[in-house]
Amino acid sequence: MLQSLLLLVGLWVFFGIVGLPTRRDSRLVARVLFPLGALVSLIFAVLAGSFLISGQAPQGMILPLGLPDLPFHLRLDALSAFFLLVLGLVSAGISIFSAGYFRAGKGTAPGLMGLQYHVFLASMAIVILADDAYLFMVAWETMALSSYFLVTSEHRIPEIRRAGFLYLLMAHVGAICILLSFGVLQGGSWQFTFGAMRGASLTPFWATTAFVLALLGFGAKAGLVPLHVWLPEAHPAAPSPVSAMMSGLMLKTAVYGMLRVSFDLLHVRFWQWGVLVLALGLFSALYGAIFAAVQADMKRLLAFSSIENIGIIFTGIGLSIVFETCNMHLFAALALSAALIHSLNHALFKSLLFLTTGSVLHATSHRSLGKLGGLIRRMPWVASFALVGTLAIAGLPPLNGFVSEWLLLQSFLFTPEIPHAFANMFIPLGAAVLALTAALAAYVMMKFYGIVFLGQPREDSLAEAHDANWLERLGLAWLALGCILIGVAPQIALRPAASVTDKLLGHSVNTSSIWRIAPISPQQASYSGMVLLAGIVGVVGIAFLLVRLIAHGRMRRVPPWDCGYQWQTSRMQDTAEGFGQPIRHIFATFFHMERDLPSPSDTSPQYRIYIEDRVWRAIYLPIARTTQKVADLVGGLQGGRLSIYLLYSFFTLIVLLVFVL
Amino acid sequence: MRDITVVRQFGEVVLAIAIAPLFVGWIAQCRAWMQNRSAPLLRQTYRMLRKLFDKDAAMAATASPLFRTTPYILFGTMVLAAAIIPSLATDLPFAHAADAIALIGLFATARVFLSLAAMDIGTAFGTMGARREMMVGFLAEPALLMVLFNAFLLYGSTALPSLVDGYRAHPTVIDPSAIFAAVAFVMVLLAENARIPIDNPATHLELTMIHEAALLEYSARHLALLEWASGLKLFNYACIGFALFLPWGIATNGADSGTALLISIAALLAKLVVAGAALALVESLSAKLRIFRAPEFLAMAFLLAVLGLLVHLLLGTKLA
Amino acid sequence: MELLAVLALPLLGFLLLALFGAKRAAPELNIAVSFATLLAAALLVLRVELHGPILVWHDQFFVDAFNVFLVGLTAFVGFTTALFSRPYMRIEEFHGRLTPQRLRLYHAMYQLFMAAMLLALLTNNMGLLWVAMEAATLSTVLLVSLYRTRASLEAAWKYFILCGVGIAQALFGTILLYFAAEKALGREGMTALLWTHLNTVKGQLEPRVLGLAFVFLLVGYGTKVGLAPLHNWLPDAHAEGPTPVSAVLSGLLLNVALYAVVRCKVLVEGSIGSQLPSRMLMAFGLLSAVLAAFFLWRQKDIKRLFGYSSIEHMGIITFAFGLGGPVANFAAMLHMTVHSLTKSSIFFTAGHASQKAGTQQMDGIRGLLDTNPTIGWGLLLGSFAILGMPPFGVFASEFLILTTAMRVHPWTTPLLLIALGVAFAAIFARVQPMVFGDSEAKPLPHSPALVPVFIHLAIVLTLGVYMPPALAGWYRAAARLIG
Amino acid sequence: MTAHAYTVPILNLLAACLLLISFAMLSRRRTQRLVTLFAWQGTILFLSTCLVAYSSGLREIYYSAALTLLLKVIGLPLILHRLIYRLGAQWDSETVVNIPLTMLVGLVLVIFAFGLAQPISMMATTITRNTLGIALAVILLSFLMMITRRKAVTQVIGFLAMENGLFFAATSATYGMPMVVELGIALDLLVGVFILGLFFFQIREQFESLDLSNLESLKED
């Protein structure tokens, strides 16, 4: 199993290299290599899934590479299998879409792009398979590097370069934190294999240090507030399939790492850890949702929504840690499965949405919401797939987004008394924030879909927008199908998640029932998307027939009424800023806003609003300024005068002499 | 046994569909009395629906399929919701398919579809209505969830029927948090159903309307379905309220004799009459808020609900 | 006798080139001699690998696990630099910055420099080590001042004075060492300064004297390593000398100087039996790494930038040697190897890049990937390698160093984190615009020789994912030796 | 040996002279004077080395004494004089920073050096052991001189004086280093001075003066 998985990874790299020589001609890469890559992804998913369902024992393997005392260890267990499953399922869709998407043009040559893309894919797989710190770090940074190249594929645009720089910087600093965390974890055994780390016994202080460092590192990659700043820059900069990969899959590797370290290596030990993660997750969720609501660029909007979803996932993780440390294993399992399933769901619908933005970009070459609109008539396919994604990410039944949020709320609800008063008070508040976030997400996605696809085109150029080609449609359809299936039959996702929690926590939620999920017990809570869907479809159908029987089908096409208002243009629709207005109004404290409103007498009124992340001013700019100050200070040492230099070495000598005296 | 429950389920749904417009009419009547106007007939709402069904639909030229299917979807979701809520009896097959959280999900779905449809035509007022609808929604929804959480925590279940059963099992218990929850719930109900002080269903004053702005482009049968759906929504909310705070008379598990059913129907009607009157009273006594004040109103509801939750955790009665 | 060849060939080359250095074929001759040296060194290394350490000529010369890989490295980088300098110097001549006479000086001094460093590595006699270091300084002084511009003269002058004074301290340290040693070993047969002998009797050496000696040796050789605050000569010399010289300075000279320091540390620590020398090394290393990182933040000149980056990495290596223990020493030697390979390759690309742009100011260098992809990719990958991005070897050593530090001296890790983070931000922020974007630079008169760049990077990459057992064996043995 | 009765005091006397010359160098303004002083320093070094050689009866010390005579008494001063003459620098003097202060610092250094050398010289077996402290003091003083000087030539003289100090230390502590090393050092020194000579001219033609204030352009700005 493991060998074949490795072989598949090798295949990916091989495809990438094969495509390299084709300089400007993209046919081979697009029409052959990407589809093949998608096929490999599919097989990948099948293998991982079968491993997961069959519940086999973990498989290990050692490659004769790496450092002399530390060859590359690989290991396939339930946790990694689950994330490999996610990787395979989603990347299959993305690769197919990319086959239709990437064309020769400005920016990186297709061959090189293909190489970077597949290396990115492979490195993510290795990150998940790695079983020693060194291989993990190598794969981790390779992942960052390849994605960096993908992000900066259109490096002639300064903003994109800036985004790439910020991204790689954050990634690198985060990586160093993870590395230090491993340094603590090996616990003086000088064995960097995860196996040794599992066995290492750490004092509470060191364990907490390792945990916090890991949280910093993985949080930076996952985009937890306040380490999220790179995310809304990098995602829009990248080509859409890459954004889909980063948001849908790369962030999940960070989730994986967090789970691996906290549950598998550190065997969660203190409830305070859980509360910390919980607080961070909730804050990020709310923060992301609020900022997504005020964005005017569709990809930035989706990026912030990624921050929100990551926040939700970490909320689940934190909750699960709290429960686990309070010996409520069943609820821990519930919360963890919620987090896992939400990872899968987010991977599905977020990549779906990013891909649709890609199609929209190709069709209209506009990213700003203020220039789009009415595309549902020009590109019905993309619009309908996007609708699925929108409803799913908005957490509406009967689609998959609702399932994970439902599970998470369940785990929030049925918390019997937690022995720690504060945690106990914290839980319901958390539930409240989560509910608010979910509702906000609905608002955000409504804005996204409504402005891009509904209403009147805001630009004349949109008239000749064309629908996606068949390969792109195939990719979109694949992901949309995933959203629907998991929504209707949550067991598909719950079973694998349960087998993960079985291995990780020794408990798992009840997945006995076929047609509904009742994680704890049917008396307490149960949900069946299937029945719900059937119910809606049934009632709608009956209603439709009845209406047609009782009444008539007569209908006239008329110009819109709009309260009889006559001179209406497409410019009178709400803009993205308009939709953001209530949020800006309610959560004003979150933003740093600069507005200039036109005066009534203004003949050519200009309305401009500039919204900035407070985090910049609060954290990052001060850091930059201090660095600059210190650098100036240090610069004084190199004053250019030889006698001063001699003085330095003289004093060094004297000081050291005094030291040894 | 099983078929009986199915029959009961079906009967409940039919009843809900049937009397929802009546409830709306009743409220209108009460309001008229209180504002000593001459009241419309009780069956005025039915008439209006019939008239609308007869009319030819005038569909905006730019409308997409989404716009046309939305009324049916809205109606469908509301009917489904009615099927989930234990208005008459508690052992309902559908209740196992979707608990209270799913119920809120359903309402959210309905809202999102309505707003999307409102944006579809691309008129100024349509989009405005959609935006405001969602704004009210994203504040009201969590508030409602929090209200439900109180009961959930108390009875350890998210299925409304089991909540009712729980109440019936311990009729004496009154949780101190209930009072917060009740107030919050009423506020949410007002907001969600486009009632004063948030919105006024009676007017089409462009700048203040919320719900009506969303329906602006609809006509004839589509409008009828939407009106009916909003009537159902109000009815559903009322029933949720009953299930949470005054569950008396609802036929619980086991008690599925005809008499119990009759009692429950009678109880439901009585409650509706009172509730309608009370609602009308509230609406007549309060003035409509500026749109900017609406968030504060709902935030208040949300905070009340959360407060109730904390109160429950502090000095709530613990049940086995 | 490979060892003799290794020492004699560069000297021969020095004489030849001093005579014919101005000829058209001088660069080729230079390459040939360097290649011969490389071959000899390869044979020597092979011999050591097969038959173990060597100790010859009344024990005056020796090769053990610690210096064998350095010998190989020095000869190798010497050869590749000679390869690179052929077109580079031709271009400089074409641009009229150099005359054939200067080229003769350059070639002769280049070989002399190689000879001096190989001698420094191979000699067993601490006194000769000092002489060799001084010779290396003198030859490089002439190389740094090759252009005879104001800036280059100033740089060379500072280099000469600072390193001269430093080396003088080292001499005093050596004298003290001898003073302590002669009691243990006696004056006869000049064995008193032989490292191997000293190492055997280090327990009996007078701790007080050795403590004092170490301070002088550390300050002396440390100046050449470029440890802050003795580093001031380094950026000037790197920026103003011709690029091949910057490459060998960074790639080889610093290594050799550090090698000398470590040899001394082994003796002293064995004698005084306290951790003091290690502590000193750690302090110097940390200080250099942090200061250099902040210096990097304010650079405008590309070669100056990478000069400071050399200081930073030397700091890290010194810190690692200070940490001690098998893992840290191992990592330190690995870092020595990969750093010299990476840094020299970076200087190669940087040199061509600035030749192309006609300036060393980084604002003037833009869009390398456009105009000359090989240079662009070389510089980009090289920078990523030096910044410790896997799978390049630099990451492997930093991985080991950081994890060790985290266990042994956790309080140092925040400083290291700051140093690495700031350095990353500084270098990357400057390399990215040079590599990406558009550019309007003219093509070069001679096609650049970038084969060495990619050979170096390939080796560094390999070391990141696979280490040949022989090398690992030497590292381990040397790590044990250093303790 | 009875010789020791005289040799040791004489040696100490010579050492004292050495220290005195170093202080004189620290205070001298005129470049040419400095060269002369440097020559004197070499002479004293030569004498003391001969004395040590005589008293210890070691052949090789005679060689190194000869080396000193050639290099430090005749060779280098001659070269320096020629240089200064050729550079036309014989009359130029420089403003040394506040001589009394420098003297004070020098004094402190001497004390420091003695304190440092005291315990070590106790261990020495040589008859000249007490002079080790003086050697160290000479080194530090010439270091101080290099720091305070502004002119290229004077800085070099300081550098050479430091070499003298080192040589003196070698002889006084251990009767000199092994011959190979001695030769190597001497060679390096010679080459170094040649290179410096080269430099003077290059610097002159570039900057029209040997004032080090010209060589301060390479810095962080």
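Read from first to last, the chains carry the letters A, B, C and D; within each, the first residue is number 1.
By our rule, a contact is a pair of C-beta atoms (placed from the backbone, for glycine too) under 8 Å apart; a residue touches a chain by one contact, two chains touch by 3 or more.
Since the model is a prediction, treat every value here as computed from it, not as a measurement.
Q: Go through the assembly and pull out the chains touching chain B as well as chain D.
A: A
Q: Which chain pair has the highest count of C-beta pairs that touch?
A: More C-beta pairs are in contact between A-B than between any other chains.
Q: What whole-number Å value describes the gap between the mean CA coordinates of chain C and chain D?
A: Taking the mean C-alpha position of each chain, the two centres sit 31 Å apart.
Q: Any idea how many Å lie between the Cα centroids of chain A and chain B?
A: It comes to 35 Å between the two C-alpha centres.
Q: Approximately how many whole Å separate the CA-defined centres of chain B and chain C?
A: A distance of 78 Å separates the two centres.
Q: Centroid from C-alpha atoms only, then distance chain A to chain C, rounded to Å. What do you get?
A: Distance between chain centres: 44 Å.
Q: Any chance you could list the residues of chain D touching two or more other chains?
A: Each of 116, 143, 146, 155, 215-218, 220 in chain D touches at least two other chains.
Q: Could you list which residues of chain B touch at least two other chains?
A: Residue numbers touching two or more other chains: none in chain B.
Q: Could you list the positions in chain A whose residues touch two or more of the other chains?
A: In chain A, residues 635, 637-638, 642, 646, 653, 657 touch at least two other chains, as defined above.
Q: Under the stated touch criterion, can you name all the chain pairs that qualify?
A: A-B, A-C, A-D, C-D
Q: If we count contacts the way the header does, which residues on chain D are in touch with chain C in the complex?
A: Residues of chain D touching chain C: 116, 119-120, 123-125, 136, 139, 143, 146, 152, 155, 159, 162-163, 166, 169-170, 173-175, 177-181, 184-185, 187-188, 191-192, 195-196, 199, 202-203, 206-207, 214-218, 220.
Q: Could you list, by residue number, the parts of chain D that touch chain A in their complex?
A: Touch residues, chain D against chain A: 112, 115-116, 143-144, 146-150, 155, 212, 215-221.
Q: For the complex, give me every residue of chain C touching chain D.
A: Residues 125, 127-128, 130-131, 134-135, 138, 141-142, 145, 148-151, 153-158, 160-161, 164-165, 168, 171-172, 174-176, 178-179, 182-183, 187, 190, 192-193, 206, 208-209, 212, 236, 239-240, 295, 298 of chain C touch chain D in their complex.
Q: Please give the residue numbers of chain A that touch chain D in the complex, ascending.
A: Those residues of chain A that touch chain D are 635-643, 646-647, 650, 653-654, 657, 661.
Q: For a test of understanding, state which residues of chain A touch chain B in their complex under the given definition.
A: 373-374, 376-377, 387, 391, 394-397, 402, 406, 409-410, 413-414, 424-425, 428-429, 431-432, 435-436, 438-440, 442-443, 446-447, 449-451, 454-456, 516, 522-528, 531-532, 535-537, 539-540, 543-544, 547, 550-552, 554-563, 565, 568, 570, 572-574, 578-579, 581-582, 585-586
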